[in-house]
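Per-chain residue numbering starts at 1, and chain names A, B, C, D, E, F, G, H, I, J, K and L are given in the order in which the chains are listed.
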Amino acid sequence: MADHVYKKIEIVGSSPDSVEKAIENGIARAAKTIKNMRWFEVSEIRGQIDDQKIGHYQVGMKIGFTIVDKD
Amino acid sequence: MADHVYKKIEIVGSSPDSVEKAIENGIARAAKTIKNMRWFEVSEIRGQIDDQKIGHYQVGMKIGFTIVDKD
Amino acid sequence: MADHVYKKIEIVGSSPDSVEKAIENGIARAAKTIKNMRWFEVSEIRGQIDDQKIGHYQVGMKIGFTIVDKD
Amino acid sequence: MADHVYKKIEIVGSSPDSVEKAIENGIARAAKTIKNMRWFEVSEIRGQIDDQKIGHYQVGMKIGFTIVDKD
Amino acid sequence: MADHVYKKIEIVGSSPDSVEKAIENGIARAAKTIKNMRWFEVSEIRGQIDDQKIGHYQVGMKIGFTIVDKD
Amino acid sequence: MADHVYKKIEIVGSSPDSVEKAIENGIARAAKTIKNMRWFEVSEIRGQIDDQKIGHYQVGMKIGFTIVDKD
Amino acid sequence: MADHVYKKIEIVGSSPDSVEKAIENGIARAAKTIKNMRWFEVSEIRGQIDDQKIGHYQVGMKIGFTIVDKD
Amino acid sequence: MADHVYKKIEIVGSSPDSVEKAIENGIARAAKTIKNMRWFEVSEIRGQIDDQKIGHYQVGMKIGFTIVDKD
Amino acid sequence: MADHVYKKIEIVGSSPDSVEKAIENGIARAAKTIKNMRWFEVSEIRGQIDDQKIGHYQVGMKIGFTIVDKD
Amino acid sequence: MADHVYKKIEIVGSSPDSVEKAIENGIARAAKTIKNMRWFEVSEIRGQIDDQKIGHYQVGMKIGFTIVDKD
Amino acid sequence: MADHVYKKIEIVGSSPDSVEKAIENGIARAAKTIKNMRWFEVSEIRGQIDDQKIGHYQVGMKIGFTIVDKD
Amino acid sequence: MADHVYKKIEIVGSSPDSVEKAIENGIARAAKTIKNMRWFEVSEIRGQIDDQKIGHYQVGMKIGFTIVDKD
């Protein structure tokens, strides 16, 4: 376990509802093609303003996952 | 559209409830004097502690808006 | 009041629910041993992914408190 | 002169042509409402991609100007 | 009070005498047009050298103030 | 649209001519394997010096693209 | 001496007079409970504004001290 | 050669032995699926503590490689 | 486990031999007074030069540990 | 070659024309006294504004060169 | 004047009295070997603690000077 | 001693063996022309990859030395 190698990818999830929901959406989408996800690190919180109100949150994050034989 | 010029201002919104509500309060207040707001970027999340509990969240953010003829 | 001295400690709170709840948990735990807490500053938002979903949020924060005679 | 006070504002200029043209566009627009501009500092270079090519450059910059009596 | 919204502006104060005097000069000038100033944050300390000596200090700072009805 | 998820990759484009041409070369190469590119963010500008002159510019950038069903 | 271990704590000193006096106040207070202090590193200079003037300086600093047997 | 385009990926290598061994493990694993690797940049050094001792080092790094026809 | 709260302290370990040995020395010393240490993050690598050679390495690091009932 | 030692110096080149020309001017001047220059890294892009237009660009950069016997 | 090239060097000045005096000492010493100094930028403020009090301030700064024919 | 002035230079040492050996090589080379070296600060750890393995480490560092009469 001490010799594990992890890869980190960077994605941006978005949601009209909350920071947490944007993270959740990003991870859910990443889960379709990446396995063995282990952690995430938020790198940026921003968002779109529509009609003078928050349109949606955009949360940049890095996702770390274990590299296994079939990556 | 490619030649648009935007201005960014920096505000701090606060709320006893959540990070999102603090952002929302900040944008709502900015909307009273600024038009054509396009996006926001969170630069700082902090807060006041009252009686050993979170008193309110303070979220620093930059707001970008399109400069139009009457600014 | 202008000559007050504050100390800052750094903790990481966690919660399966939200960023706010992780902050709240961290402050609640700190409140058991630290008095006169005045403010917090979020320094890091990250989290664990379990079974391809958010397991829990981990929020790093600094907590500032007034140093009084018995610290 | 040693007691001058300057103000800095932050804008984003854009141009389909180059980084320099984006800066130039930003300063030209700012010149309509701000006088006594003295310097600029580039804080961010980014851009839009349209049809798999650079659509336009977006250059964030701070502009410093001398505050005089009628600002 | 928890729902206050603050705005931050960025200025550069200067003085031939000291860092503190440069901050003071900057705030004094800002006080002519901004009300309800609450805090400042130093972002940069630099200066001009004239005749191989310090000509004057230039201190960049952000000033936070409460946004009230007539801003 | 508010629930879009984007991925960011990091590349370095180079050119003997200019910063803009280096960005353009990088995006042109990325376009061969990535679809739906939306924006780029310059993270680093550097270059090689050959024979005491600029040999070529190397511009590091992140490219954001929409994740669609077949990525 | 080469195997010494140091600990760093973070405090905020304040003073209505100057940056130096705020540092001095912070160190004087820390000296009541910490021994063997060796160095300090300023991490933040800010302050309170009262009645449109500097109320007091707040200087954040880290203090390094040698860990000895009874800490 | 001046028009080369490079891609950078981010991995975390680990080892119970040393920082260098963690880097080596990370590069060895990356070598299984990436060709034409040219350089690495260490972005983070951290590690796990087990039984009050260093369990293993974890070294985050970016790896740059030349993009060639079949990537 | 998801509600754990961690504390981070900052120390500087030193060694005439290597970066790893300086980290090890720091953690060994911390282990005398802190229990349940979980991870470390290197924040700074520097050192003393004696007689024109490396005298000893000084490695700044943060150590995270679980806060349990008796801390 | 693996044991080469490089030195980095920091200069600011300027030009009324473009960022690239400012870099070029800086390197051309450095070439008069420094040999074996290998690379440059842009650290800052700013400029002077004269008569409400860009007067000249000022580009800060570090230049790396191989240290050889006669430096 | 728009094509001037500047060099920046980095020094640390110290003084038992104040931050300003440490800067002044550093510039005075640099003036013995460098001509045409134009500006300074403070990069670090720290100091030594002796006998539980400030021993002296150490202020890191970059000094920019015009490169002229005989440098 | 409190009025000492130090200069910092920036070099990059390299070695096929380890981070420590790269630092050592850099300092050994600097020792040929610089006297009174006091400390070093690592600013960057990177390296070359040859044949899919670490070719050599490149460690950027700043070296501080006391300025004495004949520098």
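The definition used in the following text is that a contact is a pair of C-beta atoms (placed from the backbone, for glycine too) under 8 Å apart; a residue touches a chain by one contact, two chains touch by 3 or more.
All values reported here derive from a predicted model rather than from experimental measurement.
Graph distance from subunit C to subunit G, where chains that touch are one step apart, equals 1.
Subunit J and subunit K have CA centres that are 21 Å apart.
Distance between subunit C and subunit F, defined via averaged C-alpha coordinates, is recorded as 38 Å. Among the residues of subunit I, those in touch with two or more other chains are 9-10, 18-19, 48. Chain pairs that touch, as defined above: A-B, A-C, A-F, A-H, B-C, B-D, B-E, C-G, C-I, D-E, D-F, D-J, E-G, E-K, F-H, F-J, G-I, G-K, H-I, H-L, I-L, J-K, J-L, K-L.
Listed in rising order, the residues of subunit B touching subunit C in the complex are 18-19, 44-49, 52-54, 57. Those residues of subunit J that touch subunit K in the complex are listed here as 9-16, 25-26, 29-30, 33, 48, 55-56, 60. Touching subunit E in their complex are the following residues of subunit K: 18-20, 23-24, 27-28, 31, 35, 37-42, 63. On the subunit I side of its complex with subunit C, the touching residues are 2-10, 62, 64, 67, 71.
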